[in-house]
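For reference, the structure I am asking about is given below.
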Amino acid sequence: MCRWLAYIGEPRLIEKFLYEGPHSLCEQAQHSHKAKLGVHGDGGGLGWYGTPEEPGLYRDAGPAWADPNLRELTRVLESRIFFAHVRASTGAPNINVNCHPFRSEKILFMHNGQIGGFRLLRRRLYAMLSDDCFDAIVGGTDSELLFQLMISNGLRENPGDAIRRTIQEVEALRKSEGIPEAFRATIAITDGEHLRVLRWSSDRAAPSLYLNWTNGSALAVSEPLDEDISNWWAVPANSMLHLYYDKGSVVSEHIESFISTDTV
Amino acid sequence: MCRWLAYIGEPRLIEKFLYEGPHSLCEQAQHSHKAKLGVHGDGGGLGWYGTPEEPGLYRDAGPAWADPNLRELTRVLESRIFFAHVRASTGAPNINVNCHPFRSEKILFMHNGQIGGFRLLRRRLYAMLSDDCFDAIVGGTDSELLFQLMISNGLRENPGDAIRRTIQEVEALRKSEGIPEAFRATIAITDGEHLRVLRWSSDRAAPSLYLNWTNGSALAVSEPLDEDISNWWAVPANSMLHLYYDKGSVVSEHIESFISTDTV
Amino acid sequence: MCRWLAYIGEPRLIEKFLYEGPHSLCEQAQHSHKAKLGVHGDGGGLGWYGTPEEPGLYRDAGPAWADPNLRELTRVLESRIFFAHVRASTGAPNINVNCHPFRSEKILFMHNGQIGGFRLLRRRLYAMLSDDCFDAIVGGTDSELLFQLMISNGLRENPGDAIRRTIQEVEALRKSEGIPEAFRATIAITDGEHLRVLRWSSDRAAPSLYLNWTNGSALAVSEPLDEDISNWWAVPANSMLHLYYDKGSVVSEHIESFISTDTV
Amino acid sequence: MCRWLAYIGEPRLIEKFLYEGPHSLCEQAQHSHKAKLGVHGDGGGLGWYGTPEEPGLYRDAGPAWADPNLRELTRVLESRIFFAHVRASTGAPNINVNCHPFRSEKILFMHNGQIGGFRLLRRRLYAMLSDDCFDAIVGGTDSELLFQLMISNGLRENPGDAIRRTIQEVEALRKSEGIPEAFRATIAITDGEHLRVLRWSSDRAAPSLYLNWTNGSALAVSEPLDEDISNWWAVPANSMLHLYYDKGSVVSEHIESFISTDTV
């Protein structure tokens, strides 16, 4: 289980989102209010888009709250689309290749949640990967595997479909194998232009996901950064948001029931 | 603020103290019940005595609960005197030289607490060190400095006096400089034969320290490892215990009011 | 490419093998004379057998020559069978799960060399693993994969055959896929009683492997620890040594041409 | 001993300086041709100036050649003034606070070399620091101490004088204490506008320092990045260069004999 935030909008310095206020991401890392696991000390990471088309990436396996590099980087980096993530391992070791965001060329991906019964399903999920995506995997998380499954399913060409199809495939396998544990996920994906955030669960306990919408900028978060509940809109379960620039401002397209439940 | 445990007695495998039970040290690292800071993810360490006179030492700056080396080491190491520690930084960076225990030749030292106003007092405290002890310091914690002050004050030759004198000197400086924040500490020190544990505060809020006494073995802890309160004796504030082998069994000498309050 | 040493015999302190003399393992890490890559700064590790049946294990992804924990551990650990390893990555990231030795229950494994064309063969090699061995893999090295292939092939039950069969299978795949790069390896494997060291190459350039035999103790090394060449016997290419205790002293059985070349 | 490079000029992507060509900085880290120590695996770092006045900073204690974050950062960061450094420890531990560059507000500092007899002089050098500079030190290198001595001597207000005075003071102390080992250093310092690089030794064996001057950009390096010797001008020993923008282009002021030898 993890905590994350994804921003799209006017270029902003990243620092304040991680360190300022009572529920900044690094505060959540130590004392989350909404996560199943209260402590997220198993790594942190940052991805951001600037001048080159491909994003910058920084990941470290230690506690984000005490990481001097994360402090220094966020102090000077400003970006119009960025991801930040703090990790609480559900089993995979604390090594930088298991930290989020994950990058593939110009795409960034990050995740909170867990594939129920992942250890039992893992080998079959690997078998669904294209050769290139199999080769690309360097760590041991269900997160990285989900990302590569999406790429195998066409994330570069048709992102909405690839995301939907991947969720369906994993869910179908979980059911056919009779795994009792749920498959729950909030996911953010971007290519630097389009941001998709997803809230999904196979049961009625989807992990929380909120959106803050200010002056044409949007901030998606695992849990609110402040206590003024009126600032934060709870994204409905099993839906996806598609945020992107249109004529200079950020617009949002809400895809209800992004999963056809009778398919799965 | 930190959590620690110190064991003296029949040789025991270290593993269970760190990983078994609802309040094992690595559980406390994630969810402490008695510490001011609930999370202790800023490093962990281990010191133990075996065949050679000098102890073994292992320290790592990441969260102890996720450290594979700590797991592997405690799985095979058994010892008649050992220390284990999980750290929550009060400011000094997460680097292995700031992790406990600290070792000087055959002596191990570990600490929970804080010297109030340490930043303001630090340079004067450094000035009290012998040249050798000044040279020996490689990190930036008040803990390492306290240890080296004790060595400067004769810890090798007359440990009880050196401990007492160091506490008095630090406390006297804190008072003369008008520092409002308290000086609080629980400390464990051993040379592999004699174990001294100390509970001290300049105010009435000394950090907790408990002793469990079973079959001639003694275990001193920052907080109990289980919920059966009858197993754990709360060491009185501002006192020191001296535990050692005598005719094959561990005995304890309790030194009340180890600090002459009129001196400080 | 890596440097390693494996010891069997009278219990010895590990320290001197890593730090003393002009060609100690940590010296080799900085200035190897015989390795293709002169610098081995991509991690170090230690495995040793003591009182419990399962070995102790310590691995770190930083340069072994500067690792304070390795220094402290080897200063106090003595053992009758131990492995030490310094790593130069051939591509897999510098993370502790990619460091040697690898452990599976009571078996330790370490490796120098490379499977030619590993990236191309990797997915097919994974397919040869038993489900348990697939699950056991946490890193990305050809070394860990070789170890798990051997376990899949019966390393616990019939170690000599499992080692031989694994080399043959990998070599057969390399040939059938038309990989031009050679498959070269020196490998050490032990269960705490029997030590097997192997020198293999698919071409005529097998990595070096030497044996030093003193007072009933044996030391196998990637390259000699001192310059007195008379102390070191060069193990012939494509052969395996089986070293074990018999009536209180270490004996060696030399298996020439351990690979039936016409099979591969 | 370390290897470093400092760039001033048209904004450039940092990547190629570290990874491209036969003598890029990360190649030098593994196989230096001119350094006393051939291997520089004890940490790496990066400092760069962009939009905010204060520079970005990244440091890691592992080998720079294998650091995925350094790769990712340099792939996207472009800057008009940046520093990069790979470290070979002369004694201080491999921890990020001992890695270069060091930052104080908007000033960056990095260093190659060594104060002869540093262990013996260290306490007296600490005594020369202002209280603020004493407080600012978090690691154990002579490099960080030199930087803070320069700040104590007025680096912010009058950089040329502060640098000169600090070298003189350290050298005077070394002589008065009868230290036989030389004091040698190449140093780079910048505030984001002015770059000063210094080549100094108390004997005739000053560490190498070269300058490449292309299209109004300047690159100062410990050793050349390519083999075309005509590209690289050897900075004379015991002199300092002052490089800065004037009317849109970089100019250089060469200060011969920046140390009055009769003073020291």
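Order as written gives the chain letters A, B, C and D; numbering starts at 1 within each chain.
Just so we're on the same page, contacts are C-beta pairs under 8 Å (C-beta built on N, C-alpha and C of every residue); 3 or more make two chains touch, one makes a residue touch a chain.
Keep in mind it's a predicted model, so treat the numbers as computed, not measured.
Looking for a copy of the A-C interface in B-D, B-C or C-D, one arrives at B-D, which has over half of the same contact pairs by residue number. Shared residue numbers account for over half of those found at the interface formed by chain A and chain D, and the copies are therefore classed as meeting with the same residues.
Compared on C-beta pairs in contact, A-B and B-D come out with A-B as the pair having more.
Chain centres here are Cα averages; for chain B and chain D they lie 39 Å apart. Shared contact sites, meaning residues of chain B that touch two or more other chains, fall at 68, 93, 96-97.
By the touch criterion given at the top, residues 13, 50-52, 54-60, 68-69, 72-73, 75-78, 96-97, 103 of chain B touch chain C in their complex. Across the complex, chain D is touched by residues 92-93, 95-97, 119, 122-123, 126, 131, 134-135, 138, 140 of chain B.
Residues of chain A that touch chain B in their complex: 30-31, 38-39, 41-42, 61-63, 66-68, 89, 93-94.
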